[in-house]
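One chain, chain A, links the two complexes that follow: it is found with chain B in the first and with chain C in the second.
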Partner chain A sequence: MTSRVMQDFNLLLPETVPEALGLLASHKDKATILAGGTDLLVALKFDYAIDNVISLALISGLDELAFDPLLGLTIGAKVTIADIVKSEEVKQHYPALWQSAVIFATPQLRNTATVVGNILRASPAGDCSLALYALGGKVTLESTSGRRDVYLDDFWLSYGVTARQDDELAIAVTVPPPGQGQKSAFRRMTRVTEDLSKINAAVCLQMDGNKCVAARVAMGCVGPTLVRLINVEKSLEGEEITTDLLQAISDTVASDINPIDDIRSSAEYRLKVAGVLVKRVINLALNGGSDQ
Partner chain B sequence: MKKHAITLTVNGEERDLIVPSNRTLLDALRDDLGFTDTKYGCGTGECGACTVLVDGTTSINGCLTLAATMDGRSITTAAGLARDGDLHPVQQAFIDNDAIQCGFCTPGMVLKTISILDENPNPSEAEIRQGLEGSICRCTGYTKIVEAVQDASNRLSGLGE
Partner chain C sequence: MGDLKVVGKRVERVDVRAKVTGGALYAADVQLAGMLYGKIIRCYDYAHARVTSLDLSDAAECKGVIKVLGPKDVTQREYNASVLDMMVSADMRGVLGDIDDQSIFTDHLKHYGDAIAAVIATSEAAAERAAEKIRVTYEELPVYLTAEASKQPDALQFRPEKPGNRAFELPEMAFPGNVYAWGEVEESFSEADFIVEDTFYVSKQKQCQMEPGSYIALYDDQQRLNCWTSTQMPKLVQKKLANLFELPMTRVRINATVIGGGFGARLGMVLEPETCALAMAVPGRPVKLLSPREEDWLTSPSRHPGKYWMKMGFKKDGTPVACDAKFENYKGAYYVDASGTAFTTGAWLGGMYKFDSLRYRGESYYTNQSICGAFRGYGNPQTNFVMEQLVDRGCTQLGIDPIEWRKKWHKTVGDDGWCMGVPYNSCALDECLDRAAEAIGWTEKRAKYQNQTGVKRRGIGVAVMNHTSGAMPMLLEHTVCDVLLHQDATATINLACSDMGQGSHTTLRQVAAEVLDFDYDDVHIATGNTDAAGFDIGAHASRTLYVGGGAVKQACEDVRRQLFDRAALELEEDAANLYMEDKIIHVKGASNKSISVQTLADQGVNNFMNPENGELIGQPGQIQGYASFFPPHNAPPFGATIAEVEVDMETGEVKVLELVNAHDVGKAIHPGVVEGQLDGGAQQGLGMALTEETYFDEKGICLNNSFTDYKMFGPSDMPKMTNILVENPDPTGPFGAKGVGEAGIVPPVGATANAIFNAIGVQILEAPITPEKILKALEEKANVS
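Let's turn to the complex of A and B:
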């Protein structure tokens, strides 16, 4: 490849959230937001063009990563993937999120890329996004006219498109506190570790002994957005999780997904492995860290 | 295009410069300040040739960082590692273990090694290989590089030599 030259743009460096919201309100669709930049700068070196780039670099207070047993987990807009990997509380209370962060891209990219940026990218392959989806996360959006929360269930509208309006800044993602019997896990398949996932899955189960009280099961790379596996969730809820149930569930996963052929895998392969992946990610969640 | 006056501390020395909005940290280091030890490989954050350390030992890709967002930050490149004419123990370990062929990935590999050993002074081979994900070598097949990191780990913890 030859040297790549970035598009021209004006870089704006607000120092407070209100200042950033004012810039968004005045520039609207003529501006985009730069947090870690590991996706945006690559896009700007290829075919993406925008007049104004609003950097969060100088804004303090958006780097909060806080866990509260009653309020859950708050991940500020500048919290990096590496911050998640370093958090013992995330590792203990939200294993799915920790597992999705520890395999994320490369060490250099983990030090720069943000969790909220991964959500805003609205990629159907997003690893941390998928874990947060299964864990029931919601995005807090703020504009000059106020603040609103949007659950991830309603956030990704289509490939690369989110519910964020042009004048809104995603200031945080929050995850509910883990229930007493909550078990979660994340797994993915790639060719080499640095690749984007060819297929990934995350699960969050509320268990009462061996019985599954509630389930959220999400899968990536099998549609234009990340998807919930509704039929799998229904099959799990109210049931004791046995080997027979897992096999039955594994056989039904194909009815919940609609994968395509692309450079990372084929629809045929994804349909074949999706059921096995779901079975393994449920076992990983139940066995608390080991998927053997 | 908008220009930005910034100050970077590069290898311990404060440098004032004026950069356009779209100047990457990598280009500012190489073209504005002459630190050509930091390499341009893929330009998309995959190869790690542009790796630099920020504010201590945090490794980042210079090619995916805008210089204007780094005002006031401290950057270490491979050229800043030697002390009083002596190479850094990690650099010496790379030489002594023949962990260099064409050398293009080496500045990034050496900086990444410093970052790995700062977090974990005695990494296992698996931990070294995981730590080096994000830095690609097209010559050596990594064996010599892993040995150099192990040797550097021993030298830095006083076990080597």
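Let's turn to the complex of A and C:
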């Protein structure tokens, strides 16, 4: 049951990244990183035990949201969902990410929650995470012993578990520059507008005219982690995207996923609508506004 | 009635500034010197269990702990948190079979979150930490979540006096055959050309008031029990606590704090008994008890869920010949409102249409769910979901327009109302239906939405309702009001009516100002202290303006009468020959003969002697008005909602596009307040129809006792909405007003369900109508055809 009383912990407020890394190196699994806190505080209410909280609040330099046509998009660890919504470049070059941010929670939450926090939470429902997964993002992790990049394909190991080591700080997530014919989109289904997804989907297609050259299709809430729909991707690649193809694909999605019953929906329903969702998100990517 | 100066105007609400600036003082904000904090230990492992051992010793040793209390350390008296037993005569209480079956702490735990023991400590943190140190062992008992399960012959019995776990059925003595009925149902059905029939499920909706339970109690130096609470019913809670702790009423004082929403969740007692029991254990020290949302969810009542079977018979021309119904509700762990809701659910059914015969059975069964009790509408939303869907099924088979059918067959003036033998005295439902239909374009849309084929299909549906203003004659309705006229000709109105946010203190003040012929700002509504205020039954049954307003009106008329009597003496005129304007009493036709209200009020208080002649100047005595008001009727409000929806045939998702609510409100004392009630009601009605339900797993563990997974309509889910206020004054209401507090929630439930039916051609029998259920129903339909 939840508590009304905030538990005691040491609040650590490093002012630089190296300082933060030092703290992580000494506290290891006895430290929890606090970004926007929108997941962490909910966990705390339910008595999630923590000893030391390392807040990112005072660290400067982690709030970079930068687009470079050659390098792609860099999203620093303190970039909020609201920052994404405000970015014209994200809206133009990475519609999937922008769409996943626009529908995210409420203004208060968007102003607080971070994109990197969404990824590190490793929820199978994470909206921005899903968009970034389809867009081919990778996470930059840093510790006192150096830096490494991990593609999101390899990042979520199981429910709530990531490839991050205890002493690592996620510095940023980066997304490759959009190819010439890149089209992307995100869509989700919820019980009411402000909600976590009951099922969500994101696509990133490399198009050559009507022909799909490469595809990344990802889905959430259909397994312990976000998943790629490999069979769907294969069916799309090298093909011209027609209504018939989309119908055929939407009929096969169920074979790529393994949903369960939970409080937000049922396995049965998710299996039924997954194909519809994929069809619609592809249409959304190709046609912009219209999603039928 | 002449020109109204204050009534009917959109004056500033009395509470608005404090609420939007954060100045409003809720119980949680109240800080008293030497405050202690309570924490109740609840069982979150089982929904049904017996405590086999309880060890409080480690908790007692914790830092900051003042006292630890187990079941034996508090009063052993049982109670019933509901107040229904105080609203009926002792005889009727016996007939209904209401029982006291709750105790402060228990070793027979009957629902997830039931209370075992408590800690009192110097801080909330210390209390919580100590609570974790309490050691309990349990014997797990079988869990019954539905009436169907708990009525099984081998089921464990919740209460010896309620065999078969049936907490309530309509009692034979008041309802022969255990039914609320008229006519001969079987005979009438035999005259029907066709019959529609189904079993529905209505959900366990929660009030979701903003303020979670917060209480303070202090057993003070005068051995008086003081309780700070945002109850809807200060005077009844005062009496209930007096009974429970065996104190005279004069030694119990309720400080009614600002209410952060009620909707029935604070009707009667919630955690007042527990808080007071803690305070009695530490005399002289105030004890505060604050519930997190998740706990508030489990300890305050919800709407009654359950199975609702109904059957209707029609003739080919549409004549409704018979209606038969049975509502078996899942009462939850304790009795609470077992009798009230089981009855009224049928009363609203009986009050709606002119069936030749009607028969209703209402039964409440104990279950291991959290308790149910009062919730805005009190059985009416449940009936609306079922009755209105069946009527539309009938209309579809008849090929009759649902609005035309309703206009022809709804009850109206002269027909028996929801309470048989009390005929309706006003009804403007036809006008509500006509204006709503016109506002939304019913006829065109209804025609347009036939034979759709696309993925997104639209539908439009209607529902109507009758409700009440106060529960007379079923329950006692009574409010006492004192009006104190100050010497500067302003007035303080003293009464115990609460304002849960519905705006009643604003509208009561308007009524007072209008009757006194004062400005709105010349009147203050004083509430909050049961030491000072006379009796009031409390805010329930949409009655505060109707009954409380009736009391205010009568008490203010008493002031007026005294003013006129005194003016008559001063002016040496017949009182009948006087009139008042702008606080001056004039003699009709003699413009130079007048006296001001201020002079009369001042002379009454400062009744000096003229030193020259030794005579008193003016009439002595401060003027006070008084009323002990029992309303003559229940001024039934009527209402209609038309909903337009769009259903996604591939996903089952429903988008509510538009809602038009047209309500017969008698007279809108404050149109903005009425609109607020209709808006808020619609938000909850849509939630009941589409998203809101409390879920339990098979062991009875509640899965969504918080806003994370209990989903209400938020601002961006709300449709375009129009409220039409039809003002057809009720002959008995103050300035013709009827109650509007509950009406708004009711017809959006049925109208939404009917709009979905209109869009997809299938009825969903279980609330809430989720996309999951819609897709399943569409699939079943496809398989059949």
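Keep in mind that, in the parts below, the second predicted complex is superposed on the first by the 286 of 292 C-alpha atoms of A that agree within 3 Å, B and C clash if a C-alpha of one lies under 4 Å from a C-alpha of the other, contacts with A are read in each partner's own complex, and residues count from 1 in each chain.
Just so it is clear, a residue touches a chain if its C-beta (ideal position, glycine included) is under 8 Å from a C-beta of that chain, and two chains touch if they have at least 3 such contacts.
Everything numeric in this text was worked out from a predicted model, so none of it was measured.
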Which of chain B and chain C A:26 touches, first, second, both or neither: neither
Touching partner for A:145 - first (chain B), second (chain C), both, neither: neither
Partner chain in contact with A:258 - chain B first, chain C second, else both or neither: neither
Chain B versus chain C as contact partner of A:4, first or second or both or neither: both
Contacts of A:13 with chain B and chain C, given as first, second, both or neither: first
Which of chain B and chain C A:44 touches, first, second, both or neither: first
Chain B versus chain C as contact partner of A:269, first or second or both or neither: second
Partner chain(s) touched by A:189 [first = chain B, second = chain C, both, neither]: second
Contact residues of chain A, present in both the chain B and the chain C interface: 1, 3-4, 42, 45, 193-194
Contact set on chain B toward chain A in their complex: 1-2, 4, 21-22, 24, 40, 42-46, 48, 51, 58-61, 63-66, 68-71, 112, 115, 131, 133-135
Residue numbers on chain A that touch chain B, as the complex places them: 1, 3-4, 6-11, 13, 34, 37-38, 41-42, 44-45, 53, 55, 57-58, 82, 105-109, 111-112, 193-194
Interfacial residue positions of chain C with respect to chain A in the complex: 42, 44, 113, 124-125, 128, 290, 292-295, 455, 650-653, 691, 695, 703-704, 706, 708-709, 711-714, 716-717, 770-772, 775-776
Chain C-touching residues of chain A, taken from the complex the two chains share: 1-5, 42, 45, 189, 191-196, 263-266, 268-269, 272-273, 276-277, 292
